[in-house]
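Quick heads-up: structures coming right below.
Two complexes come next, and they have one chain in common, chain A, joined by chain B in the first and chain C in the second.
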Partner chain A sequence: MTPAVLSAAWEGLTLVFAWPNILYPIGGTLVAMVVALLPGLSGAALMALAIPLTFGWDPLHVMLLYGALLGGATFMGSVTAILLNIPGTAPNAATLIDGYPMAQKGLARTALAASATASALGSSFGVVLLIALIPVVAPVIPKIGPAEYLLLAIWGLLAIGTIIRGSVAKGLAAAGLGLMVAFIGFDPRTADPRFTFGTLYLLDGLSVVPVFLGIFALAEVIDLSASNRVTISGKSRVEELGGSTVDGIVAVFRNGGLFLRSSAIGTVVGMIPGLGGTVAAFIAWGEAARTDRTATMGSGDIRGVIAPEAANDAKDGGSLLPTLALGIPASTGTAVLLGVMAIHGIRPGQELMNEGLPLTFALIWSLFLSNWITSAAGLSVAGPLCRLTIVRTRRLLPPIIVLATLGALAYRGRISDVWVAMLFGVVGYLMKKHHWSRVAFVMALVLGSLFEQNLQLTLDLQRLGRMDFWARPSVVVLVGLIALTTFPIWLRRRRS
Partner chain B sequence: MKSDRAATGSTGSVEAIAFTAVLLVFTLVMLAATADLRPSASIVPRMVGVPLAALLCYRLIREAIERRQRRAASADQLAGRGAAISGVGPDEHTRTHAEISAILWLLALPAASTILGFVVGPAFYVFIWARFRAGERTGFAIAAGAFTAVAILILFDVLLGAHLPMGVVGLLL
Partner chain C sequence: MSERITRRELLERCAAMCGGLAIGRGPGSVAGVAAGMTAGKPISRRTDGGTKCLEGARIRWIVGWTPGGGFDTYSRLAEPFIERALGAQIAIDNVPGAGGLVGALTLSRARPDGRTLGILNGSGFLWNRNPDSSTTPDLSREFTVLARVSRRQQVIMANPATGVRSIADLIALSRRRAIVAGITGPDSSNFATLAAVTDLLGVSTEYVAGYPGSREVILGLLRGDCDITSVDIETFGQVPDLARMNPVLQITPERSADPRIPDVPHLAGPTGLISVQPELFAGDAARARSLAAAIAAYLEFGRLFAGPGGMEPMLRDCLEQAMYTALTDPGFAEAARRAGRSIDIVAGADVRRGIRAVTDAVRPIVPVAAAAARRIR
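Then we have the complex of A and B:
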């Protein structure tokens, strides 16, 4: 790291904490926290909604606000995921796999504290790596192509094979069904409408937000309602709840290796345009499940909370690298950020990496600050929030149903999304009841289009002689990583 | 028996068989739909769909075998008593009734919202739920419904500017 970068980092930090600049990240974080609690509404949607507000603002204030909006929504989505099985944002769907069973065991406070700690530290990891890697990685990013995307998708899909518990045939079938659902919409190669059965709605494919809301939140509503469970945790008094905030914080440090691996996954995935937090969170969860020797992942294991939360927050730092250095948006949020920057005459690339570096750091510190504010808020309210798990389900279910329904509607403003959420609510309930892996289904759904699109592109480029698959160093590295992380686990499972 | 079920994932219930059959039909319909597509658009779905259909057939057979074995075991147990074997106990009937009721209650929200709009519909739904499903007092149910409407208006309409459809009644008015 050069003295010029360090000097710019310091200047950026002083800009953030100068009065009244500090109000922008704090205000942005508070708004993002509230919005992230509403399912279906992502940080990107909020960023888009805030654009008209910023007309006439100073570019520094715009960067401070958008850094906060980018980071503020990430952790809070896990609160509803853990407490109510509703993913606040799509990436939090990976957190609820273990977070909600922890709440059912009366350990919501521990799960929330672990999530907040992993989020804060994960985002710090991503930001530090971002600062360190700006000069090194920026030239490499444009060289990442379909072959590397394909291998990342294959890595994620192979992870499904290692996380399946119980019947392998059912697990694989659930993954296959997820892939089939992912194929709905335009064919990525020919742009032919596929599996749309003449409906306009299916042309864009099924959005993951209503599917997630249905398959997790609404399926849980049916289960809670049909089972006549009195409260989510099965307890009726707060004294009966187990776990503590300290346990959650300590768990992150106890699982330091997993935390670092997950944060690294999040940062790297975040750097790669088009992948986003959902892929990062699921790959990190899959990696945690792969290395799980106790077979408790998916049934309320704290590592299943730490891994996706660390990855999801670390990805924010990573996603800023291609955005600021190259003008390539790495996620929906950074795409909106680029648009806002264009409106305010801030040009990414050389300008932001040289004379505009203090402004770049102001954005990075604002993101950093917002992540810590949300996590601190999460830790301080973990106790009161976990009381939700002792509220009678008869009282708790209507708000959950209303929130999930309006979340599905608000995402794209389509009533059809509400009905899709309902359909997947019933399907998700039946999958849960008959032991079909919902995790395998959603992982395949998330990775399906990435896999197909890049498989077709890779094959075409190879056939046309525009690419030599095995001559790419990154391909060799990724294949090596896949082999190293996947096959030993499969062999171990076969032996056991 | 329990550990066997955990390993095979089979329950042998009619519902499990029906669910697997529905998934198989969905897969077959998707596979049939690939016939209208160009080869390049259909190759990957077929690569996934054909083994998936085979897997689902295998699962269907496993579920059917499990069911036969369970029925045979039940028949052996009850043979000397002359009891009729329905395969479905009273608990299962109660559970099925509760499940159907839960699903209908769930579907009632989008139905109410489609008719009354996405502000009044959820408010009405919460009132009905609180009063008739949760057995709350009328005053509490009205307050819960009113709070729902205000919260939706403030959060989704005012703060986020989300488009909330007015519903059939709203359009008619």
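Then we have the complex of A and C:
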């Protein structure tokens, strides 16, 4: 890190805390937190809605507001994921796999605290790595191509093998079903429609948000209605609930290795354009499951909360690197940020990385600040919020249905998304009842299109002689990584 | 409602517009169609101030792409000015999917009461009106075009590692091996122009298709995935690596004044490469000129503000006037300039009048692009 970078970082920090600048990140964070509590409404949607407000603003204030909006929504989505099995945003679907079972065990407070801590520390990890790596990594990012994307998708898909419990055939069938759903819509190469049944809705494929809302939230509603469970946690008094906020905070430090690994995954995936938080969260969760020797992942293991939350928040810092240095958005949120920057005449690239570096740092610090504000808010309300798990299900189910339905509708304003959520609610319930892995299904769904698109591009490039797959150092590194993380598990299972 | 245009101007504009229809496929006629749509002030400009037909209403503005992209940016830049002109409230609704098709179909199926409007890729519709396509709506029947906000201007960019700095270099390279072009998919406007230009040059081309967006194609070009691609001039501001690519040919009827592509020849028109260096182009000269003019005309439609088809004439005229008032507001021009977005406004009546002629003019591209698309499939 050069003195110029450090000086710009300091200048950026003083800009953020100067009066009245500080109002922008704080105000932005508070708005983002409230919006993120409504499932389906993502930070990116809020960022787009805020664009007309910023006309005539100083570019510094725009950057401060958008840094806050980018970071403010990330953690809050995990609150509904843990408490109600409703993913606030798509990446939080990975958090609920273990977060909600923890709430069912009466450990919601611990899960929320772990999520908030991992979220704040993960974002800090991402930001620090971003600052440290700006000069080193920026030239490398454009060299990452379809072959590397393909291997990342394969790495994530291979994790499915490690999370299947019980019948392997059912697990693989669930993953196959997820892949089939991922392939709905236009063929990425030929632009021919597939499995659309002539409907407009399916032309661009099924969106993951209504599917997640259905397969987790609405399926849980059906399951709770069919079961004789009185409350989500099975307890009726606060005193009966286990866990504590301190337990959740300590758990992150106790699983420091997992936290660092997940944050690194999040930052790296964030840096790679087009992957986004959902892929980061699921790959991190898959990696945690792969190294799980206790076979408790997926059934309320706190590591299953720490890993996706750390990755999802660390990815924000990473995603700013290609966005600001190269003008390549790494996620929907950063795509909107680029659009806003363009509207205000702020050009990404060398200028922003040199003369404009204090402005860049103002954005980064605003993101950093918003992540800490949301996490602090999360920690402070973990206690009161966990009371939701002792509310009688007959009172809780109607609001869950309303919230999930509204979330599906708010996502894109299409009533069809509500029907899809309901359909997948039934599918999810049947999968749960008959022990088909819903996690395998959603992981295949998330990674399927990434796999297909880059498999086709890689094959084309290899066929046309534009790429020598095995001559790429990054390919060798990734294949080695896949072998290193997969082979020992295979060996261990074979021995046992 | 009054029209500020002399009879002579009207006749001149009409003659230019109707050239393509009257004379057939002659290159001059196609250029005439384009010129008719873009020349001078719009013929349907009105001055009675009748823009408040939807005062107090809430308008759903459909953008068929995700937030942050070019179409979304144009919409959000124009939003406050249209709101002011109409006295209505606009809610931008991003309905992404299938390269804008989902949003376009949503717009075309809405009630034509003015409460659902949006932005379209006009050029994309011209290409998609081919015999293979059954889902693409018809621009003239299923939409009411209210204004053109900007035309598409593309540049063929070459991978610097190929050493290609000019069209002659590209042709020379193609004699040694097939040229590899990078595209998002065979349904994109950039693919149509690339297919037509490489056909014009007699350059054997293979396609790497399936990149998720135009920025990813540019990255692919810089990485060496492909030799050439087609880049929209107005995205230059979002491409920090522009200087690392070699601009080879402007796909425009006249040379762009953009200082970032100085001395780069343009394709069509009397001063275009097709007229100045016809020996570079393959096959029959008349066909080459016709195809070159078709490519230029194809990009003319650019980005359109529109509503569903079948709108009442009174409402249409009012909305058109409001669009014109909003888009010619100096504040909008300044906002677009700051955002690095070019504007080239044409009133809806002019665009509507030109649709059939331009569609006819563009027809030579359809079999060429369809053949190239079949090779990808």
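The definition used in the following text is that the second predicted complex is superposed on the first by the 495 of 496 C-alpha atoms of A that agree within 3 Å, B and C clash if a C-alpha of one lies under 4 Å from a C-alpha of the other, contacts with A are read in each partner's own complex, and residues count from 1 in each chain.
Just so it is clear, a contact is a pair of C-beta atoms (placed from the backbone, for glycine too) under 8 Å apart; a residue touches a chain by one contact, two chains touch by 3 or more.
Bear in mind the structure is a predicted one, so any value in this text is a computation, not a measurement.
K.L.:
Superpose on chain A as described above, then tell me if chain B and chain C fit or clash.
P.N.:
These partners fit in the superposed model.
K.L.:
Applying the touch criterion given at the start, work out whether A:176 contacts chain B, chain C, both or neither, answering first, second, both or neither.
P.N.:
First partner only.
K.L.:
In the overlaid three-chain picture, which partner chain does A:320 touch, first (chain B) or second (chain C), both, or neither?
P.N.:
A:320 sits against neither chain B nor chain C.
K.L.:
For A:35, decide between first (touching chain B), second (touching chain C), both and neither.
P.N.:
A:35 sits against chain B, while chain C stays out of touch.
K.L.:
With both complexes superposed on chain A, which partner does A:434 reach: first (chain B), second (chain C), both or neither?
P.N.:
A:434 contacts chain B only, not chain C.
K.L.:
Tell me which partner A:192 touches in the superposition: chain B (first), chain C (second), both or neither.
P.N.:
In the superposition, A:192 touches chain B and chain C alike.
K.L.:
Figure out whether A:413 sits in contact with chain B (first) or chain C (second), or with both, or with neither.
P.N.:
Both partners.
K.L.:
Applying the document's definition of touch, where does A:402 land relative to chain B and chain C: first, second, both, or neither?
P.N.:
first
K.L.:
Which of the two partners, first being chain B and second being chain C, lies in contact with A:339: first, second, both, or neither?
P.N.:
second
K.L.:
Given the touch rule stated above, what does A:159 touch, chain B (first), chain C (second), both, or neither?
P.N.:
neither
K.L.:
Once superposed, minimum distance in angstrom between C-alpha atoms of chain B and those of chain C?
P.N.:
Checking C-alpha atoms only, chain B sits 6 Å from chain C at its nearest point.
K.L.:
Touching chain B in one complex and chain C in the other: list those residues of chain A.
P.N.:
45, 189-190, 192, 413, 456
K.L.:
Which residues of chain B touch chain A in the complex?
P.N.:
Going by the criterion above, the answer is residues 6-11, 15-16, 19-20, 23, 26-27, 30, 33, 37-38, 40-41, 44-45, 48-49, 51-52, 55-56, 58-59, 62, 95, 98-99, 101-103, 105-107, 109-110, 113-114, 118, 122, 125-126, 129-130, 133-136, 144, 148, 152, 155-156, 160-165.
K.L.:
So in the complex, which bits of chain A are touching chain B?
P.N.:
Of all residues in chain A, those touching chain B are 35, 38, 41, 45-46, 49, 166-167, 169-170, 172-173, 176-177, 179-180, 183, 187, 189-190, 192, 194-195, 197, 218, 221-222, 225-228, 392, 394-395, 397-399, 401-402, 405-406, 409-410, 413, 415, 418-419, 422, 425-426, 429-430, 433-435, 452, 455-456.
K.L.:
What residues of chain C sit close enough to touch chain A in their complex?
P.N.:
On the chain C side, the touching residues are 66-69, 72-73, 76-77, 79-80, 92-99, 101-102, 105-106, 135, 180, 185-187, 206, 208-213, 215-216, 219-220, 222-226, 237-241, 335, 338-341, 373, 376-377.
K.L.:
Which part of chain A faces chain C closely enough to touch in the complex?
P.N.:
Listed in rising order, the residues are 44-45, 47-48, 51-52, 55, 142-143, 145-146, 185-186, 188-193, 200, 203-204, 273-274, 325-329, 332, 335-340, 342-345, 347-350, 412-414, 453, 456-457, 460-461, 464, 466-467.
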